[in-house]
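All remarks here apply to the structure that follows.
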Amino acid sequence: MTIAAIKISVIVERFLLPEVERILASEGANRYSTYPGGGKGEHSTHPFDAASVVREFSIVKVEAIVLERATAERIADKIAYECLKDQSGIVWLEGVEVLRRNKF
Amino acid sequence: MDLFSEIASTFIGQLQKPTLAFLFGGMLIAALGSRLEIPDAIYRFIVVVLLLKIGLGAGIEIRKAEIASLLVPAIIAAILGTFIVLVGSFSLAKTPGVKYEDGVATAGLFGAVSASTLAVAMVMLEQSDIPFEGWVPALYPFMDIAALVVAIVLAQLHVRKKDAGKGEKGIRVWPIVTESLRGSALSALLLGLVIGLLARPESVYESFYEPLFRGLLSILMLVMGIEAYSRLAELRRVAHVYAVYAVVGPVVHGLLGFALGYVAHLTVGLSPGGVVLLAVMAGSSSDISGPPTLRAAIPGANPSAYIGASTSIGTPVALLSIPLYMALAEYIFSV
Amino acid sequence: MTIAAIKISVIVERFLLPEVERILASEGANRYSTYPGGGKGEHSTHPFDAASVVREFSIVKVEAIVLERATAERIADKIAYECLKDQSGIVWLEGVEVLRRNKF
Amino acid sequence: MTIAAIKISVIVERFLLPEVERILASEGANRYSTYPGGGKGEHSTHPFDAASVVREFSIVKVEAIVLERATAERIADKIAYECLKDQSGIVWLEGVEVLRRNKF
Amino acid sequence: MDLFSEIASTFIGQLQKPTLAFLFGGMLIAALGSRLEIPDAIYRFIVVVLLLKIGLGAGIEIRKAEIASLLVPAIIAAILGTFIVLVGSFSLAKTPGVKYEDGVATAGLFGAVSASTLAVAMVMLEQSDIPFEGWVPALYPFMDIAALVVAIVLAQLHVRKKDAGKGEKGIRVWPIVTESLRGSALSALLLGLVIGLLARPESVYESFYEPLFRGLLSILMLVMGIEAYSRLAELRRVAHVYAVYAVVGPVVHGLLGFALGYVAHLTVGLSPGGVVLLAVMAGSSSDISGPPTLRAAIPGANPSAYIGASTSIGTPVALLSIPLYMALAEYIFSV
Amino acid sequence: MDLFSEIASTFIGQLQKPTLAFLFGGMLIAALGSRLEIPDAIYRFIVVVLLLKIGLGAGIEIRKAEIASLLVPAIIAAILGTFIVLVGSFSLAKTPGVKYEDGVATAGLFGAVSASTLAVAMVMLEQSDIPFEGWVPALYPFMDIAALVVAIVLAQLHVRKKDAGKGEKGIRVWPIVTESLRGSALSALLLGLVIGLLARPESVYESFYEPLFRGLLSILMLVMGIEAYSRLAELRRVAHVYAVYAVVGPVVHGLLGFALGYVAHLTVGLSPGGVVLLAVMAGSSSDISGPPTLRAAIPGANPSAYIGASTSIGTPVALLSIPLYMALAEYIFSV
């Protein structure tokens, strides 16, 4: 028995994590996972495990699964247009099927 | 020996010292496309150990120092940080082709302090047997925080003027200060300071932090060299004046620091080595903790401009100017 | 030419990895990937790269792609209701399209 | 407002990263993210954070989001049949919804 | 000097020693919200090096020791581990408001041994010139495994009684033992022990493991301090009695360890320093390897209860009690 | 003492040395299923530090050496690398049941050099007070690159013959050389060499790189031992002849290296220790940088075959043969 849900994925630089977390919490999404990463975008290249002098600029992926599509869209909107307005980073949504509804 | 040949010979002597050799080595391997890299965990650990060491050393010495003799240099450090940013905000930030926020952020970084440059200067002074008061490195936060606060306030005032009318909220200085103090670099320095002041860490300081200092610094210089080369590309994308500022700034700021340090020498007897360290701090530009503070607080500024200028040119120039201040000190104080 | 397949994603603490692996293997899914991570859930916050005194409690994501939906559901069920019954962690499924059928 | 897009995911050993990057760039996909990982496949087991003597053989996941399905398929094909012909690794596609079209 | 002032003065003296200062420093920066952190890879490496060092040192010494003089302390260590858990299972675990499994798991952790606490005690003894037999740290696994096995068996017996009828499978002790031995901490200790026993690692021991010991321990204490503060929140969610147990337990267990150590002193001549180390092991609670073993084997127990109690209160209290046992030893054995 | 008992006694003496003990320790804990592991970041850092150290040491010594006395050994090193691969391509690669590419790639690895084996030999020579020219380790790249280039060219010629007609593009040697030099191991060695040659890194060399060398090497041996055991399974999947080659090869190659080293002794006075190091390099098989170079350049070869043979058997055998060359040197040169 799986339940349809939405996964919000965000790629940001680490110093923006508190901001992303704040937005998630403001919509009641208090559960999420984070992964260290690297990448190449519009702005520059980030190695994912070589020393980067400014650690706060390393790439982090945040994934939060929520049950309501509307919540997911509000979160994604806020992150894209508030938190990332002047900053680099991307946001996307994916449909997923979760088990154990009460865990989300 | 006249001043010029004094400088030349100190300079050549220092170039042979391993610390700068590792910086150039890092640039070289980055330029040659080598896959050699220092793991991030190691780099972060090295930074913590170096700053703990600097803090511990300063804390141990403050115990013995008179508070009065500390006060004047601390005020001077804060003045230097403030003044450097103000100068930048009237010169670089007003240059045609430079966005005001970009210019002020850059001046903020150059007013703030580079822990690695400071560490290199400490090693060079020790190797040349020029003594300094052990607590001088503890002036770091005074200059660093002053510069960042002034830069952020200037930028936010500017944005507010532009957006006049839109939701006026006051500019609050205190959160900027606490944010700075919570960063990993200043936290490590202050933690070491407190432990050095209140406990008796001499044994572990001498058996661990002190002996590893030079070696870990050599690895740090490698990382700085690699980064300096990699960021050059970014710098090419912004106005030339950044490069000019990054070459001239450190030397001017350093000489300014030297001059005010000389004042401290005359008033409270700051040692020649202490004057050099004050010059080095003024000449250096923040590499580890300044950039994220600025990006969070001045989101409108282009990080390629200020970080590129600081990391690729500012830091190497600041490192290369250390022998200059040492030669000056030798000439003026005949140490 | 892509082939429809199912990706099973699991987030668990590291000491449960052998258990997850056992369940995957019991359904013939011997290929999977693992990623270090961190996160915040019902129970506590895990940093993804700061020292955590008990390493075995750090967060790991496991992803296994299988071709049959039925297999994926059986695996997800077992993980959710056996392995994670009394433990923290989540499971979800996503539809994907793979290349080179023989690799799965 | 979300826009449909395609996420290409690739799991390869690190020494193949330049090759994957070359293929991405050849199709105009100059933005991607990378994540350190581990895994078990046909060939062998890779720990994701224990020392592996040959670092270049550690597992990396590459994710690139592109707007056109056709581009994604061409990239996936090239990676599967050129870059990974004799090498271990897998490729798959997933449909996603992105925000801010101009970022992709 | 009477016992009380002896304790007071040893205590104040040790508080100034850097090791405890780093523990408090870690708590402080965590409380102030600092972003200073030690990379996980470094932490894991430090643990391995410290345990290899303890093992190597013990192995080198066992070569010279008589097996008979080892046997009695080893049995005492196992008895201590067992007894502490039994006491906890009749006191804490039977307290109203405490789930039996939670209580037993907590007692298991407090019966087991903390490698970092042991390492701190070794440094403190060396600094105070109180000698101990080099093989005493090798008693660690005897106490540790005994405690974990007893706790797990008690919890599983309890669950079985509740689920009576459902698929009775026997409780197997051996897998618990091998699982413990395979954990990274005990593996490193035993590996060091075997190498110390069979090879001649003196050169590398003296050039690397021994000199780095104190410094790495200071970093470990920082991590422990940060963790102790962060886990406090969890502890607040469970019954108060856990906090009481975590404050009283370590001291009671430590004094018990001291008493049995005194028996070993009388029977096989265990040195005063050895008695102190036995007390420290008994008083300490497992921080690195015990928790995952318990979570895997007693899934029904709430980890916030036992880990919170152990990490946030148990370990700091155990560390702060070390001077107590040292003062006792100085008083009783007049060392 | 006759040669045989000389070898036997050196061998037994070295087995007790900690370096080999850590190798066996690593195998043991892997075999027992321990969860002890060294973090990847630490391992990568250790490799960089060891190779920087080897490079710095060599660079410092080259300053004092005559270029002529370096040239002959460098040529001999390149000849050894080439010859070992050619021998392998005519023996192993032509054995029934062995795919030509697999055989050539294996010979390439065995012709190339293992930095860790070289480091162990340097420590053993120092401990036994057998002096060697400090620049000898700088011969490493000559042998290493020669072997990899020859193996890759042979394999690519073979593939081209099979695919005759399909898009003939020339085999380019230069990219293989630059790719090798850009790998992290050779980059670190050469960076150290250049710094040692041009700067004056003696202070940091003696305060950091030299004292940490043995200790870090002991950790590296642990990693090598764990890896050697883990790769055994892979080896079981390929033809037995790989195991035979991996046992016999290192000894034969090492003796060959010793013989050519003896020639260098006679012609340009290479020291006995230098001859031993040449033998060790010839006998060792590349573990860090060779495998990825081969996988990228000979995609058709099965890595389980060549990496399994090298890591699981080749490296342990090469390490165990070091005492053999030392005994030979003691016997022949009566050092």
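Per-chain numbering from 1; labels A, B, C, D, E and F assigned in written order.
In this section, a residue touches a chain if its C-beta (ideal position, glycine included) is under 8 Å from a C-beta of that chain, and two chains touch if they have at least 3 such contacts.
What you see is a predicted model, and the numbers here were worked out from it, not measured in a lab.
Student: Can you list every chain in contact with both subunit C and subunit E?
Tutor: none
Student: Could you tell me which chain lies farthest from subunit A when each chain's centre is the average position of its Cα atoms?
Tutor: Max centre-to-centre separation from subunit A belongs to F.
Student: Looking only at residue numbers at the subunit E/subunit F interface, is the share used by both copies over half or under half? Answer same or different.
Tutor: Different: when the shared numbers are divided by all numbers used, the fraction is under half.
Student: Suppose chain centres are the mean of their C-alpha atoms. Which chain sits farthest from subunit D?
Tutor: Checked the centroid distances; the maximum from subunit D is E.
Student: Which integer distance in Å separates the CA centroid of subunit B from that of subunit D?
Tutor: 40
Student: Between subunit A and subunit B, tell me the centre distance in angstrom, where each centre is the average of that chain's C-alpha atoms.
Tutor: 34
Student: Pull out every residue in subunit C that's touching 2 or more other chains.
Tutor: Each of 35-36, 49, 94 in subunit C touches at least two other chains.
Student: Which parts of subunit B, given as residue numbers and ranges, touch two or more other chains?
Tutor: 37-42, 44, 184, 211-212 - these are the residues of subunit B that touch more than one other chain.
Student: If we use the touch criterion from the header, which chain pairs count as touching?
Tutor: Every pair of chains meeting the touch criterion: A-B, A-C, A-D, B-E, B-F, C-D, C-E, D-F, E-F.
Student: Using the touch definition up top, name the residues of subunit B that touch subunit A in the complex.
Tutor: 37-40, 42-44, 184, 223-224, 226-227, 234, 287-288, 291-292, 295-296, 299-300, 304, 307, 311
Student: If you look only at subunit A, which of its residues touch subunit C in the complex?
Tutor: 2, 5, 7, 21, 30-36, 60, 65, 94-100, 103-104
Student: Considering the complex alone, what residue numbers of subunit A touch subunit D?
Tutor: Its residues touching subunit D are 9, 11, 35-42, 48-49, 59, 61, 73, 76-77, 80, 84, 90-94.
Student: Considering only the defined contacts, which subunit E positions touch subunit F in the complex?
Tutor: On the subunit E side, the touching residues are 39-42, 44-45, 48-49, 181-184, 187-188, 191, 194-195, 198-201, 203-205, 207-209, 211-212.
Student: What does subunit F use to touch subunit E in their complex?
Tutor: Going by the criterion above, the answer is residues 15-22, 25, 28-29, 32-42, 127, 211-212, 214-216, 218-219.
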